[in-house]
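I'd like to ask you about the structure that follows.
As written, the chains take the letters A, B, C and D, and residue 1 is the first residue of each chain.
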């Protein structure tokens, strides 16, 4: 499993797609927002937390469609399925690799992008905390969606349609934590609820993903 | 009989229209597909002499 | 090593091949022959356990086989060494990659990116990948595609060595590799609609 | 005799064809009866005036939008556990009907909200949940349409339905939490204001709800029979192609 993780990380670094593309997309979303709603700092600072969460969420979607598709096309997935690794483990490692290569750079970059959107000072810490707590769930859910659409033509659009509604609870609680942090309010139960969703998702999603993969491999 | 809808007549009529039209549409589509499948299947079974 | 009796295989509930019985023991080579689209790939995938048989059973001990599909399963942005080490680690191969590197003469290519290899070299890497799994039984789908005649001869020699070393192989191919072994021509086994559909379609027949 | 006998497509089709005319007639009587009763023969309410009449289309469609998804969930479970093919097709058949019900509920809710709240749309927890339910329906149907092999499609959509149900439920509570978070202390207009009313409104509503339920069942049965026939047609065509 560590070998698989190491390989996926190496592939992401070599191809550059994982780190670079999602980050660039995130940056573009953040840059476009002031063009769309105006440069007024007070308005920007009010929506900054939500926009950053939404941007990170959309950027997370970007590399999902290649998560299993590449391994499926070149036959690696077939050989992996006959390897002494449980498919559940493969699913979990794929989610972890996606988180490390796509979500983690977004979390690191988010405070810098927060400056662009006049995020209030107390919001930076909570933004990072909420993203750290929420993005693992996004990766795990996205891996499930990627497994569902593996091998389908035009799977990318379908993947978004399937995954985005599943992202709703995570987005609500995650953005709520970030927003309350930015407004200086008490965080309240949103953070434990977000962490709860993430833990539940991480615990259960690999099994659903593995079930889907097992079925999809039958062809 | 009370057909006096006062100032909200538009809203009430709109919501009934917005209900009945989609319902009619889905009923019609269901019926058309039902007929088509029934015809195609009976034709295929006749070709194969399946009772 | 692997046995199957009265096997029916198919895709999407439609039987492609039926009445298949085969047995592969240590040192055996089974060449699966037949026209394109006959179901050779489906048969291999079923034997590998990637998809269920429509009926009949495949009897194989766990951790004995490795399946190589049409595609090489090689990552072009990794070096040859990295590709091989990955598969050796995933299969927890005890010998590491050294025997495979020696057998397929990959030593000079080890640090080359796999994407820069020629088609024949890629194919060698694809075979080496099977060897590093440490599994005795290889299931190979059209391994001779894109190999020139000298590479085919090399492949045959390597397979012979693998068989002599206690291995076995089931190969879907339309080339004669010139190795002694069983030949299973699937043409007479093609399903003629004698077998009722299985799975989803069964209920609607 | 067990209920599972109707898992056989032939028996299911035979039974469906036998009871479909009754269901169609019953649903026509109940839907038209309930709606005409509610539309023409109920008094206007004090507070809502004539908009109270909208509940006769809004509440039944909302009810069936949720029950439609629940039916798909049950059918998906039956398919995954017992592998009854009709069950998978019934889940597929229910989705388009459910999505129409969801659209009707959303539309009539918006039309009702316009005079009551002064806006076509508020991010009220109930409305928001329905919008999310609509998205789940769309994803489910798109996945069915995208996968060619029926058995694979049945398996994958069933798993999606299970996972989606969990997340739909989570979303329901998350949305509740979220909206109260936004409007602290403000009272949210509740879309069910008309539900605690006297019998004069309640009885036609019950008739309309029963009507929508029977209509839903009739539509799903007819669509399931259609899917069974298409399946059988595909098998016959395949046999013909081989012969």
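What we mean here is this: a residue touches a chain if its C-beta (ideal position, glycine included) is under 8 Å from a C-beta of that chain, and two chains touch if they have at least 3 such contacts.
Please read these numbers as outputs of a predicted model, since none were measured by experiment.
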Most remote chain, CA-based centroid, reference being chain D: C
Closest chain to global C-alpha mean, per-chain Cα centroids: A
Between chain D and chain C, distance of the C-alpha-averaged centres to the nearest whole Å: 48
Between chain D and chain A, distance of the C-alpha-averaged centres to the nearest whole Å: 31
Distance between the centres, which are taken as Cα means, of chain B and chain A, whole angstrom: 42
Whole-Å separation of chain centres (CA-atom averages), chain B against chain D: 15
Contacts with 2+ other chains: residues of chain C: 11
Touching two or more other chains - residue numbers and ranges from chain A: 218
Two or more partner chains touched - positions in chain B: none
Each pair of chains that touches, named by its two labels: A-C, A-D, B-D, C-D
Parts of chain C lying in touch with chain D, wherever the complex brings them together: 11-14, 191-193, 197, 199-201, 203-205
Touching residues on chain A, where the partner in the complex is chain C: 2-4, 6-7, 10-11, 14-15, 73-76, 78-85, 217-219
Contact footprint of chain C on chain D as seen in their complex: 8-9, 85-86, 148-152, 154, 228, 231-232, 234-235, 238-239, 242-243
Interfacial residue positions of chain C with respect to chain A in the complex: 11, 45, 48-52, 63, 65-75, 77-78, 82, 85-87, 89-92, 129, 133
Touching residues on chain B, where the partner in the complex is chain D: 1-9, 11-12, 14-16, 18-19, 22-23, 25-27, 29-31, 33-34, 37-38, 40-41, 44-45, 47-48
